[in-house]
Amino acid sequence: MSDESKIISGRKGEHIKLSLSDDADYDSVTNGFENYQFVHHAATETVIDEIGFEAKFFSKKVDYPFIISSMTGGAKEANNINERLAEVAKALNIPIGVGSQRRSLLDNKFDRSYKSLRRIGGAIPILGNIGAAQIVKSKNIIDDINYLIDLIEADAMVIHLNPLQELLQPEGEPNFKGLLKKIEKITAKIKTPVIAKEVGAGIDPDSAVKLLEAGVKGIDVAGAGGTNWAKIELMRSGNQSFLSEWGNPTSYCLRTIKKLKKNYKFVLISSGGLRKSVDYAKSYALGADFTAAAKPILKLVVEKDELAAVDYIKNLFEDIKKIMYLTGCKNLSDLQKNKLINKSEFH
Amino acid sequence: MSDESKIISGRKGEHIKLSLSDDADYDSVTNGFENYQFVHHAATETVIDEIGFEAKFFSKKVDYPFIISSMTGGAKEANNINERLAEVAKALNIPIGVGSQRRSLLDNKFDRSYKSLRRIGGAIPILGNIGAAQIVKSKNIIDDINYLIDLIEADAMVIHLNPLQELLQPEGEPNFKGLLKKIEKITAKIKTPVIAKEVGAGIDPDSAVKLLEAGVKGIDVAGAGGTNWAKIELMRSGNQSFLSEWGNPTSYCLRTIKKLKKNYKFVLISSGGLRKSVDYAKSYALGADFTAAAKPILKLVVEKDELAAVDYIKNLFEDIKKIMYLTGCKNLSDLQKNKLINKSEFH
Amino acid sequence: MSDESKIISGRKGEHIKLSLSDDADYDSVTNGFENYQFVHHAATETVIDEIGFEAKFFSKKVDYPFIISSMTGGAKEANNINERLAEVAKALNIPIGVGSQRRSLLDNKFDRSYKSLRRIGGAIPILGNIGAAQIVKSKNIIDDINYLIDLIEADAMVIHLNPLQELLQPEGEPNFKGLLKKIEKITAKIKTPVIAKEVGAGIDPDSAVKLLEAGVKGIDVAGAGGTNWAKIELMRSGNQSFLSEWGNPTSYCLRTIKKLKKNYKFVLISSGGLRKSVDYAKSYALGADFTAAAKPILKLVVEKDELAAVDYIKNLFEDIKKIMYLTGCKNLSDLQKNKLINKSEFH
Amino acid sequence: MSDESKIISGRKGEHIKLSLSDDADYDSVTNGFENYQFVHHAATETVIDEIGFEAKFFSKKVDYPFIISSMTGGAKEANNINERLAEVAKALNIPIGVGSQRRSLLDNKFDRSYKSLRRIGGAIPILGNIGAAQIVKSKNIIDDINYLIDLIEADAMVIHLNPLQELLQPEGEPNFKGLLKKIEKITAKIKTPVIAKEVGAGIDPDSAVKLLEAGVKGIDVAGAGGTNWAKIELMRSGNQSFLSEWGNPTSYCLRTIKKLKKNYKFVLISSGGLRKSVDYAKSYALGADFTAAAKPILKLVVEKDELAAVDYIKNLFEDIKKIMYLTGCKNLSDLQKNKLINKSEFH
């Protein structure tokens, strides 16, 4: 194990532990969904049993438009977790993201561990993951990314943009100079589509435009209101900062980025603090094609077991069916047709 | 008694008991009227004693534009309650609705009990009642409904749309597929006008349009803020659900559906959480032709007596007279002429 | 003393006592001024000592645009109070209103008592006062009013419109039918200008239009937020009512009635819950020509003495001078030039 | 020492002591910045180390667009404080303002003390300071001001407009008649540019227009939300006043005055209650060219030492760098490009 590689491994473990505690949540910033309300549709003719959630994730069919968010890469514990998350994804035939594959670029000892993921997951879409900082630093970015894709037979590559985290991380590299140019090069040359993703502070509409112009085919907003990386990094370093409540609420990201669909073709993924079923349903109503979650799934797998996670996701969609039935929607995109209104107009 | 029929009878009794408790109210959703305020009209020339509330309910004259909402059908206790409610309606010459007549389609033992209703009520308008689920299931819907109409010599037929209740009821049938087509057929063929009604989650403007297009002549919004069927069904089943605070506030339903009067001719009925006199008055101001209540009347009849219920309704209209006097209205429709404004503009 | 006359005398005493207690205030309705904020004007060149408040009340010059509101008529105690209020008005050379002169129409024993008012007041404007109910009932309204005018050598006649009070007063006459026609006749024929006035529930813009069309030359809004006659009458009768928080906030009345100045020439008087100096200043900023108060002046005269009341009013205008200086106003009408903004825009 | 001069000296000391206590803050009025929120920019390419804050203060280059606000003139203690503040300004190469030089116009004994300021400060921009009241009173205003400029070799002259303070100061002179005419004369004739400044109640847009028309080249808004001179003067005199919460929030001043940049060329300085790093950053986002603070710097110098003050300012700009990085800004003026939005739109 190289030195840098060991540090990452330790960091990953620490991240996982800290992220599971309630202290890792925002204090005042919310995911924003509480400002919206569904309109009950009395004359619904929706047949619950006819609702299907099958969707296409790029070229592959999945059973739910739900992604297990990128979390762990090749840490020992992480690997074990990844295998368990893969069981969940497999059971539901949904996409799963791996955590940052940064370490594989440094030390190929860990590459092996990824094999099990594809073995367990079978044909499910697997998303590779690499950070903006790594992209900026890499000298052979196309080769590097293709290497990471091959390692896990990835169906798409996620580039996470985490400027806040890099800023507060003791070992962080808060410098993304040249990022967009490189993303342009990547999207033109690698084998899979690219998804741009925050890690909990939210993609803003301006960033979205830049990223779409650079050729990304998916935006995972990963907005504020859920896992709070600023706080996690501050806990790790024992510091305090005014940045512990920084970020764009998930609903804000969706509402503003959805408008870009007029001009760009891309998959809009809602994540960041989605906890209650209505949050997921409101995400689709605000324009999301997919929803995603990290912490809730991780928590269930770690504190309970794979089945609990499978149940959580199934129940989620059972609840969403109820909401669709009550709002008179036959499919998820119907939810976008004036089914959700601003609370302030609801009287 | 058929098996299904017995279940209904037991369910009805349970419903009545649970609905009377305060636990059956919404916790956070309100009827919405608190957002509106009457403008005092100092130069009023209204003469209180000249105010009359006589109104036409379809072809019959009534003394107040107030309906005792559909509650009980043929349960033993229910029947007794219906007779007492009929005494109240008769004393005031106002319309009364019966609860779901579903059981009469299964088991004609109960038909007798309805006779007393018309005997007591005399010529008052009596509203039949059947649920969307029954309509969808029925093979001979026109015959069935005409049969129910004849049973009580109904002046109008209420079709209640209760998707939320069906969803949460252990024995519920949450499937209204084909409902609107059937309503279209019904309104074209049966002897009486049809009223569409929710049961406490509120008719939304989209549903209203569909229902009016299908030929209904009345909309009883039965909005959220009052009797909360989701909670009642959850109490019955011992479950919890995020749906316990679901529904469109009554004021929202009125404000949005009233606008449809430009294009459709129909009776707009306000109900759902009307408790204070001002709520009833605000209903007329927001466009209601009739108001209605279920729980307050039931509670008085059950816990006190018929006279108490008669007094409640009389006092209501005494209070409405005061409000009309103070806002300078000679009749109820005057209340719609800028007499009510949004609280946020009242400074 | 006629019987009816005795009752009035007793009622007046009771009114005075009850109105002085804090229980006679609104619980939730406010005068509305808290929604507005003055903009500080740093480059002010206002010279405080050059500010004068001289104004014209119809044809007479007064030293402050402030009126001691109509309160007491001929009750024994009342008369004594009137004399003391007259001392205050005289000391400041400001207008004073007498309370309802209704009793003088019934029993001329009390006429004498008014003489002292004019004797003490000298040339100050004195406002007669009669209620809408009396006007409606009177058979010889022009003679009656001219008689009341002569009694106190009135400079203007106030007609108070108090539908809420009449409604809740045990001995009330809530029937103003024909009022506007009669006011039209009055304004055409009597010797003085007529002012229409509420008593604490606020004149609304619709009433104002009707009254101005009928020829009144002044509107005293007497808005909600101050003395609450509904509560006072309810205390007297031992009843409770949903009407205890009824009325138009004073700021609402001013903001909406001020706009009528484009089409009508009239004196706009702000009263109703004015207590703090800023409330008076905001009244001028919202378009008032005069401000007025009842309870604060009465309280000082009754619980302290005339001097205290004189000081209160003087201090008020000292404070207003400060506000004018700080907002860069040379005269009161300057206050209307964007000096006051809605709090919600003040950031 | 002349008598008047002694009084000023004592007043200055008292001011300093009182201003440092928490009682000298506003109770309810805020600087307004809490209504705004930065939008996180995930695709930032800002390189923190490339951010420079060098700016031009009129013709001189400074290292930060930050001014140590005008505080103390020639009081004994004051002088000592000024020397220490000058050390801070020198260490950072930033402008510093002196407190009112009024005393120097009365008694030239104090002139000496200013020499040390320029000696310590070297070439940093030093701002002279004189109050509106002195300007209005002066018979030889051009000579007087040129004399004050020479005393400290001032780079700009600040005229402070403090009507509220003059009003509440026992020895105050609340009369600025003729001020603007005189400012016009001054800006035309003196050697340095003129900056107009409040002292904590905020310059409003109307005043700004007048001042810019009169030729001033800088506006320091010194808005409400920070040091509260009304309260300080009330503490000194032992009085209470409704004016203790008077003033324009700093954000309001910036938002409204910034718009004048279309028509006038001037330096917009934000001050008044800036305490947290985000407040400074939001100031630039709302249009400020420079920010400034008085109390925070004074407090550190008096209660800790010069180094603490230097650190405070350095940390401030370190934090601003972070905010610029997180909002994707390369320089401060980028912050004005939709980086800050109203909180109510942030969901």
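Which chain is which? They are A, B, C and D, in the order written, and residues in each are numbered from 1.
As a working rule, contacts are C-beta pairs under 8 Å (C-beta built on N, C-alpha and C of every residue); 3 or more make two chains touch, one makes a residue touch a chain.
Chain labels with UniProt names: A, B, C, D = Isopentenyl-diphosphate delta-isomerase.
No experiment lies behind these values; they were computed from the predicted model shown.
Listed by label, the chains that touch subunit B and also subunit C number zero. To fit its Cα atoms onto subunit D, subunit A must turn through 90 degrees, a value rounded to the nearest 5. By the residue-number overlap criterion, the interface of subunit C with subunit D counts as different, with under half of its numbers used by both chains.
For the pair subunit C and subunit D, the distance between mean C-alpha positions equals 46 Å.
Per-chain Cα centroids separate subunit A from subunit C by 65 Å. Across the assembly, subunit C contributes no residue that touches 2 or more other chains. Pairs of chains in mutual contact: A-B, A-D, B-C, C-D. Partner subunit A is touched in their complex by these residues of subunit D: 38-45, 47-48, 276-278, 319, 322, 325-326, 328, 338, 346-347. Put simply, subunit A touches subunit D in their complex at residues 32, 35, 161, 163-164, 167, 174-180, 196, 198, 201-204, 206-207, 210-211, 224, 242-243, 246-249, 251-252, 255.
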